[in-house]
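Okay, so chain A shows up in both of these, paired with chain B first and chain C after.
Take a look at the complex of A and B:
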């Protein structure tokens, strides 16, 4: 009996250490671009993508431009200026997509998607129907988030490459709204707490959707590229969290202390993993007094938490591809585009 | 002992001298404040945000105007910050100066290259004037985008930024 215990102990220690190592792996910064020089100066970075050669494309809403850098981060080209005409962008551009051939830059306030080649020549524009959030693409279909007409609930709309509406999907509700009756008086609160984020996996031809303000658990819903429901995974929060009732009242009545969980974005990492950009915000009265920013890596099939990492609040996660995380952060008061290796 | 009773005239003279003395010390104090004071960036930002109409001037470091170095207003905050960052590395460029509209003066008469922006908190209507060698070389109305930032950079700061 004692022998068994003695044998079991090192195994338990090893398992414990391995688990801790898994959770304590750190992001490794591989590239940082940004300085006060005009070619490297950024304002509000909203899009970062890499092509097969490792060239980096950056969209900046603040400066109304898109730039290309070589894999070492050396400036190659910039196009765009503020305006509504050809070659011009509004000050609300992004996200930026790359499908292996073309770049697609969503320009909200000009209601269009600019299609560019890898030399940043604008080839054509795709007209958008009104203001929509987010942008994803699989094959010949675009995906955008909108609110259902007359309802506070979001949906995902599918458009073809000409910008024509094809169909829409997503009928889920956050847990804390289930069993409640919607009243028009609380419309803004319902819109706010029904918000969703999405990600597309071109290889699996799949769309993942999750709520920005999850309730007691995080739920991720998966759909085919045509908008057909596939399955759902669930997971507990990093910290056990109970949705605060006060936030459902409008105008809100703030208790002295409360927490809010925000899933800011969702990304396919490849190899059956999904990354969540996850925030815990602590409020005292109506003021945010503490913010914690985590990256959560979850298993696509089981929803099991594979890794959690506390990262800088200055890091804005923009995209994930081939084990790399693209983001924007401010270091020494200078905005930078950063590339991290996701070595999980 | 004979005591001189101050007449009204003497009394006025003395008061006048005192007043001059106070004014002299006050001017000394204010000049030294202008020259020495480096107003924190964040404070200038706050000051800028309180005003509805702002003029920004960029000048050379030996011609600091009012001791102010920079300010910005919404909604172009990120862009002003970018301009500030872009020119902050310049050795002989003292950064953006912020004045209320009433203090507007001709930028062509200033002894350094300048950027003047008439700002009405509507980015589409901002008016930019850049002067070099006492001549206006850039006149622009609209949003301070990267293209305009590059032009300003080339006119005002390109030679001095390492």
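Take a look at the complex of A and C:
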């Protein structure tokens, strides 16, 4: 009897320690900025970056401004207002990038990228010749996503720092499009479901691209900074999943039950890891009855899933850098900019 | 008072003109700028992703983009 108790005790201690280790692996919120005070009030946060000193820069599309906060989240400066002139932004701005020297803010409806110094002085504008989605930068090259002329499928375009087109790459499409003939009436649905997201790794000089609406597997394609294909990794979904093809017609005729998986964004974490912002949504007719929001940490080389974590549905992941995740969330009806420490 | 004989008609005309233009302003779509048709759909889909972090709202937003594109641009 005593022997049994002696054996039980270390097992209980081990279970307790393992439980604590699991908790340790959770996301830890390190900073939250946002209140009803004017300098801390946000509308639609579309860009968050950190500089080397830990200062936080926030782009807000709803307010057409960029703000700078110190590492403790204390307001320093704001620039911008709605408009088309110098120092003004449209209400469709973002993403915001920081390359170690300058800040770059894509301003869609003014067809330009604003280049700012760390004191938020606008140094110049890079004129864009058309509307493009997303924005990434490696050295002296910008990357944006556009639709191929006459087709519903996306490609990545490379531009120089003057805004001149250099080249384009990416010729992939999700597996559920294979064997299907494109009809013009379904153009909206095909554009929606072939959407891609990308991330750039400045150190590795590499671009990662994945589908927002994956097929049977999650596929991540890697390219050199010049747009040359390197390799592809594949990983299984967290559930048994097949893309619901009824979505490819517009308007869709929803069945009684269906699932949808969305890869909202992709990020380089450093140390050979990729982070995916991954959603599983269960529908009953057109109503989402269950939404699960995960962060998936994937090994860059093998595609092996290293970690999965269920996170709040209110969290909008905007960027990842140096073990920190930055984003936006709504808490108690107040939009906030949040910083989390990634412990995995 | 001959010079005011058309005043009533002018006033009625101005009133009707103001009423009609008012109706047009109320009926017109939002004055928020949107890109031209050849860029609208792709821009709108991206806009939905930026402004709707929740998938259900995102999907509704996408459907609205498609509806408007079909209505305005085809």
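In the analysis below, the second predicted complex is superposed on the first by the 319 of 344 C-alpha atoms of A that agree within 3 Å, B and C clash if a C-alpha of one lies under 4 Å from a C-alpha of the other, contacts with A are read in each partner's own complex, and residues count from 1 in each chain.
The rule we apply is simple: a contact is a pair of C-beta atoms (placed from the backbone, for glycine too) under 8 Å apart; a residue touches a chain by one contact, two chains touch by 3 or more.
What you see is a predicted model, and the numbers here were worked out from it, not measured in a lab.
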| item | value |
| --- | --- |
| Which of chain B and chain C A:44 touches, first, second, both or neither | both |
| First (chain B), second (chain C), both or neither touched by A:302 | neither |
| Contacts of A:91 with chain B and chain C, given as first, second, both or neither | both |
| Partner chain(s) touched by A:264 [first = chain B, second = chain C, both, neither] | second |
| Which partner, chain B or chain C, touches more chain A residues | C |
| Chain B versus chain C as contact partner of A:65, first or second or both or neither | first |
| Touched partner set for A:140, first chain B, second chain C, both or neither | neither |
| Contacts of A:312 with chain B and chain C, given as first, second, both or neither | neither |
| A:78 touches, of chain B and chain C: first, second, both or neither? | first |
| Set of chain A residues, in rising order, touched by both chain B and chain C | 44, 91 |
| Residue ranges of chain B in contact with chain A within the complex | 78-79, 81-82, 85-86, 88-89, 123, 142-143, 145-150, 153, 161 |
| Complex interface listing, chain A residues touching chain C | 44, 46, 61, 90-92, 94, 108-109, 130-131, 133-134, 146-147, 187-189, 191-192, 195, 212, 250-251, 260, 262, 264, 279, 281, 287-288, 291, 313-316, 328 |
| Touch list for chain C against partner chain A, complex | 32-35, 39, 41-43, 45-47, 49-51, 53-56, 58-59, 62-63, 65-67, 69-70 |
| Chain A residues touching chain B - in the complex, by the definition given at the top | 36-38, 41-44, 60, 62-65, 78, 80-83, 91, 333-334 |
